[in-house]
Amino acid sequence: MAYKDEQLHEEKVFKDPVHRYVHVRDRVIWDLIATPEFQRLRRIKQLGTTNITFHGAEHSRFNHSLGVYEIVRRIINNFQGRTHWNNDQRLLCMCAALLHDLGHGPFSHSFEKVFKLDHEHFTQQIILGDTFVNKILQRVSPGFAQEVADVIAKTHPNKLVVSLISSQIDADRMDYLQRDAYFTGVSYGHFDMERILRVMRPIEDQVVIKSSGMHAVEDYIMSRYQMYWQVYFHPVTRSAEVILTKILHRAKHLYESDYEFKLQPTHFLSFFTGNVSLAEYIKLDESIVHYYFQAWQEEEDEILSDLCERFMNRRLFKYVEFNPNKQISELLRLIELFKKAGIDPEYYLVVDSSSDLPYDFYRPGEEEERLPIHLLMPNGYLKELSRHSDIVEAISGKKRTDHKLYFPKDFLFTIQDEQLATEITEILYGKEM
Amino acid sequence: MAYKDEQLHEEKVFKDPVHRYVHVRDRVIWDLIATPEFQRLRRIKQLGTTNITFHGAEHSRFNHSLGVYEIVRRIINNFQGRTHWNNDQRLLCMCAALLHDLGHGPFSHSFEKVFKLDHEHFTQQIILGDTFVNKILQRVSPGFAQEVADVIAKTHPNKLVVSLISSQIDADRMDYLQRDAYFTGVSYGHFDMERILRVMRPIEDQVVIKSSGMHAVEDYIMSRYQMYWQVYFHPVTRSAEVILTKILHRAKHLYESDYEFKLQPTHFLSFFTGNVSLAEYIKLDESIVHYYFQAWQEEEDEILSDLCERFMNRRLFKYVEFNPNKQISELLRLIELFKKAGIDPEYYLVVDSSSDLPYDFYRPGEEEERLPIHLLMPNGYLKELSRHSDIVEAISGKKRTDHKLYFPKDFLFTIQDEQLATEITEILYGKEM
Amino acid sequence: MAYKDEQLHEEKVFKDPVHRYVHVRDRVIWDLIATPEFQRLRRIKQLGTTNITFHGAEHSRFNHSLGVYEIVRRIINNFQGRTHWNNDQRLLCMCAALLHDLGHGPFSHSFEKVFKLDHEHFTQQIILGDTFVNKILQRVSPGFAQEVADVIAKTHPNKLVVSLISSQIDADRMDYLQRDAYFTGVSYGHFDMERILRVMRPIEDQVVIKSSGMHAVEDYIMSRYQMYWQVYFHPVTRSAEVILTKILHRAKHLYESDYEFKLQPTHFLSFFTGNVSLAEYIKLDESIVHYYFQAWQEEEDEILSDLCERFMNRRLFKYVEFNPNKQISELLRLIELFKKAGIDPEYYLVVDSSSDLPYDFYRPGEEEERLPIHLLMPNGYLKELSRHSDIVEAISGKKRTDHKLYFPKDFLFTIQDEQLATEITEILYGKEM
Amino acid sequence: MAYKDEQLHEEKVFKDPVHRYVHVRDRVIWDLIATPEFQRLRRIKQLGTTNITFHGAEHSRFNHSLGVYEIVRRIINNFQGRTHWNNDQRLLCMCAALLHDLGHGPFSHSFEKVFKLDHEHFTQQIILGDTFVNKILQRVSPGFAQEVADVIAKTHPNKLVVSLISSQIDADRMDYLQRDAYFTGVSYGHFDMERILRVMRPIEDQVVIKSSGMHAVEDYIMSRYQMYWQVYFHPVTRSAEVILTKILHRAKHLYESDYEFKLQPTHFLSFFTGNVSLAEYIKLDESIVHYYFQAWQEEEDEILSDLCERFMNRRLFKYVEFNPNKQISELLRLIELFKKAGIDPEYYLVVDSSSDLPYDFYRPGEEEERLPIHLLMPNGYLKELSRHSDIVEAISGKKRTDHKLYFPKDFLFTIQDEQLATEITEILYGKEM
């Protein structure tokens, strides 16, 4: 039997708190899970610094990747008899689902921002480069690795397959909403996935939803909305991220200034110089980052050691609401005052913004461009979701943005010049404080 | 107001997946949670290598410690009007609950075994030594830190307080059973804690259970039994632990043999020499261990690098059942054959045993000595649980032990000498294989 | 000790699937639960005919009433220290919560519509009339029964007490959403009640919500919206209700036409004549209604027996969407055709409408007038919910109405005149069918 | 296509709180559910008087029957490829599962006891008699109804099919444990059914369990044990049942004594005379029983009216523990004293016993004879469960019996003769009371 068609002697299962069990029958899937590149995802948290706010959120990307695979597996099962897929297309979907986050590094968001990286680029490299994952995919068939890479990159000609992995209601999102809700313990994030899976219908180039299932989809979109504002953009989490970002900036700056580190930033060098090889990238997991941050608490450089100590011991920045349209002069004044007080505003006065677009039917060229959701009406026509759902229509295309100003409140109490301290406090908190 | 009586301006809560919310009103508790020593528990997994088997089990000891505190807080609330406790005793219980696991290091089980350590010793040191935690406890009152230490050490004269933290149905166990069940996703580990809390009654020197709540306690004991055999002693987890233990042994051995490490085991030196200071102990969290294991994959020493590579990439040892009474000669023969095949049996042929005593009414001098559970009968008398419950009586005092033999199955396929390979295989798997 | 202050020797609990336990400590509450008038609620389903669609929805109003009481009990607990309530006000709230649905009869919606009744009128009568409930309330204090009645009628001067029982986020709604979700098994209806309870703040004349809890309230409002359209207005449930309504109409009509019933409608007589006494009202529970409907399957009158048989055996009417603005001529034509076919359109062609207003900030004089939800902002000001929440703003005041046309599809197949049958079918389903 | 092979155009689902969804694809199943005989199960509670104790337990036998069907459907799905079953055997299993409780009447336990009936007899009659159910089964094939009846009666030659419906771990038990736990809200009754289904293996004449799933089975057996003692035998529920039984006895006695009922017991006549026809049996659902009991509260006969009033308004008998071996003389004395006090001991002094055998490997001729559970060991041999599981071995074959003495405590307070009252009280409660 061809490798691609090999079935395990007995089905293997992973106990999963969210989907109960993750089922594996295909040898290819089993072999991919066993690769070092995939096992590495165990050491990368799904939600980065969110565990600082929600202590249950320690779950890894390994977790999530298995979950996305399992959802796709179930969708394909439901599609039996409705598509003309052969086993190759089935395997393509499942591999793409399993591997779609393979290129994530530790605290991806911050690393990508500071070092101008893109985890999707590394996902492609791991799939196509000289890796264990690639060897397995090559064994399926010569072009298979490229196909998997194309599905993840959304450039694959089979749009139906792509839409399972990346649309506004794809397996990726359905898994992470439920999983993140489970591990944080929040009561949002629940929707009737079983029902959504049952009303999904494959048509030519996309997955559509039978209109009878519209309310389950509304519920999913509201879950998404709530998870963004209640969990993903939680200001305490963002505070930890702000500090993390500033650590990376500072370390890079020190390196460029020929500062003599007690612990050389060996694992970071290629990131600082902007020339990251796959091997170096893969080596960097959260343990390594923690190792450095722990050690750097004892560096001479006060800013680096202070920021690292804050990050490790959860002494976070506080925040106030900030309106960039109206308060720019206050911000400029604060920068001045911080400098006067000997607090470097570059590291200790940070505006951070979050914004979310809960659902959009069409927004070409957007960073997060995903396909709209189409309902399959009883008469056989398709209807874009927001044109049928009052709830979705109401929130559709409405981008909400939130800006906050982060700073170490504890520092303010150390300012000797009382007048200076008062002025800073008044700008930040108003006169009443 | 005295520091010990200070209440937070607004109650603080932690979202907790198991107890919904953890509530904090006392400033002392809030300050203890913010210490670096307590925050460090975020970087130590509650279940060590269990996440290798159950991928959800990434939760930290930080998690569990808050949970134990919360249960004790609720018990004390229920006790209002039933005890003559003042606020000092209340605070004593809650601090002991919160801090009882403070001395745990990474992969405690293995480290303690290999380096002859005891995490309880370090818990005492952190509470009584020169730490942030100690400073806060001292501020409560001069003898308070010692009192907390005594409760945790079970030497405190107030036996009632001790029994909340360490008995056969204490807050510690009630939390970890539920929490570990939640994060692994298994369906064991559930019992009606709310009911147990409601039927707990404080008497002079212990907490007893109203007999009407006996069935809830039976359910708890069965949960415990199932969790031990289904989760805590899972053979795949034990395999990872066997490898971990062997890595530590090997590294120590190499250090003692003046092996030249590419990456010096700086953080381990005091462990190797048996002279661990508190500062060194606290520095060692799971990130640090992972950092070394990742680096050591590239060491010259083949055993060390192989074991590290296995641990990081989940290439585990396989196992067969082993009966130490009947199969000792087979084991001796295997050792011989392994040596012949060039596989060092000291590292690659390991007998590992697990044993559990689900409940025992009295077993003085036992390592895990905990108090028996007493039922409060309608007539006001006490009755030891197993004398009233058929179920508990049936399993009471029955120690069950399980032995397994671990080895790297993949190595067997590399043995050139066919006859040698056959003999090994036959001993391990019988002739039919 | 005064009766009103009497506490039970031991707290009593009811096991409740939704709130885990319902706790009773006050003797008054315990005594009220034991009255025949309250026990009668066991024989009245919370959701009338919904169990026809969702087979789990067999739960009774007894169930729900205990739940509302429990929520109010918890809210009052949380208010301790924030209000200047004495025990009398506490008891007033809890009694009103427990008794607010006391006047519900079987299938209230249909009975009220057909016989022009109002269950709130009967609630008042039971509380104030010659009943066991009244005796207990009188024993609390002479004016207490009237106070409880006033709170339920929303005419009590203490607006804060009223708002706990009837506002847009009151204990009533919070209980039924969760309870109905639990028993139907749908995945809607979940929201973080524990959090909402924690952010509720009593101010002079209402309960407000701390703005930090806004998202939990949004979630609650979405739950409400989903439950209405997914459960309460489910077309299959409405079909059963349409039939039920028609049975009542027919029985009344037959009675007025001096039809000779095999089983005299003794229990219904006062309903038919519009002169219902309290004693007669209380006697009518769902068992009695089922008894008659079972017997009436064997009446001579074909319409009555057919409708009863349909109701008992779930042979429901089918439905098509109906637009009253555009399709009135089709409806008139159908009435004509039904008559021609010998099918009485008065009983067998029914337009049924449902409409819901998910949230409204102010709509005086509305049938379902409830108070708006106010957020307590950090600056101490109040802000009406929809002015702060995008989501709520989007759906605020948007009444959605849905009309459907119900008819017995099976009858159509029995029409002899083929042309007639075809025309009816075409109007109902369009030509393609 | 043959009727038996017909599939519904679209799969139909029932929302089920326990199994999430019940799936129906076969027209035969769909048609059976729509019969009046099956719909009648909606009006019969699964747990009779248990809702008196656990107010959530209002769920019907309709509920449970769908659940058993669904479990069998899933088991058969899992068996695909492991059995040589054709569609006929599949349908046979599913029909037997769906219909196995069809003959249950209201409060079966009491009715069967008082009137010497057997619900299984009526199940057979409904399947084989002149009913809608029978017509559908006949349409499948001439002998099919008989086959279904044989499976339910456990006389069918295909033992494997029988064991799915009646063994010690059959679909019936797995459904009711979980369902009754869900609706009562207790925390017992949970076990990992999904895992059990996955480790079930069909062999020649029975379903066995792969030994790797043993712990899930242990958990199931403990659930069963807990449900029996915590829910099914709850003394408050039994008190209601005692009263119910006495009502039936009294009504029969009055009828036989030519008492003139205000409301003639028309629906009961055939039960009193011991000559119940199927038509009469089917007519009797819980509504009818409630109708009579409500009316009979106003009968002249004081015993009948008192008992009915107690049942309807939950004024139950109290109980004390009773040991039939040691306390028979006390009982006799009590009977005497009750008579003296004018309280008829036949109706007001009742010994009620419950007993349960949590698991037994072999007990031929037992009333509740079910097949033992066999484990399929890795070596291919079968091993009876209790020989492999310590837990099960411990409780295997241990019948536990509990006797209680029920009586109306309120009556005791009405006894004028103080000495008499004292003596009765002392016997019941001991001198201390």
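First chain written, first letter: the chains are A, B, C and D, and each begins at residue 1.
We adopt the following convention: a residue touches a chain if its C-beta (ideal position, glycine included) is under 8 Å from a C-beta of that chain, and two chains touch if they have at least 3 such contacts.
A quick note: this is a predicted structure, and the numbers were derived from the prediction, not measured.
Peer 1: For chain B, which other chain has the most distant CA centre?
Peer 2: So the farthest one, by centre of C-alpha atoms, is C.
Peer 1: Any idea whether B-C or A-B has more C-beta pairs in contact?
Peer 2: A-B is joined by more C-beta pairs in contact.
Peer 1: Just curious, how far off is chain C from chain A if you go by their C-alpha centres, in Å?
Peer 2: For chain A versus chain C, the centre distance works out to 44 Å.
Peer 1: Averaged over CA atoms, how far is the centre of chain A from the centre of chain B? Could you give it in whole Å?
Peer 2: 32
Peer 1: Suppose each chain is reduced to the average of its Cα coordinates; what separation in Å results between chain B and chain C?
Peer 2: Going by mean C-alpha positions, chain B sits 51 Å from chain C.
Peer 1: What residues in chain D touch two or more of the other chains?
Peer 2: Only 20, 186, 195 qualify.
Peer 1: Per the contact definition, I'd like the list of chain D residues that touch chain A in the complex.
Peer 2: Touch list, chain D to chain A: 13, 20-21, 194-195, 198.
Peer 1: If you look only at chain C, which of its residues touch chain A in the complex?
Peer 2: 186-188, 190-192, 195, 215-216, 218-219, 222, 225-226, 229-230, 390-391, 394-395, 398, 400
Peer 1: For a test of understanding, state which residues of chain C touch chain D in their complex under the given definition.
Peer 2: That would be residues 14-18, 20, 34-36, 39, 42-43, 45, 51, 54-56, 58-60, 62-63, 66, 182-186, 283, 285-291, 294, 312-315 of chain C.
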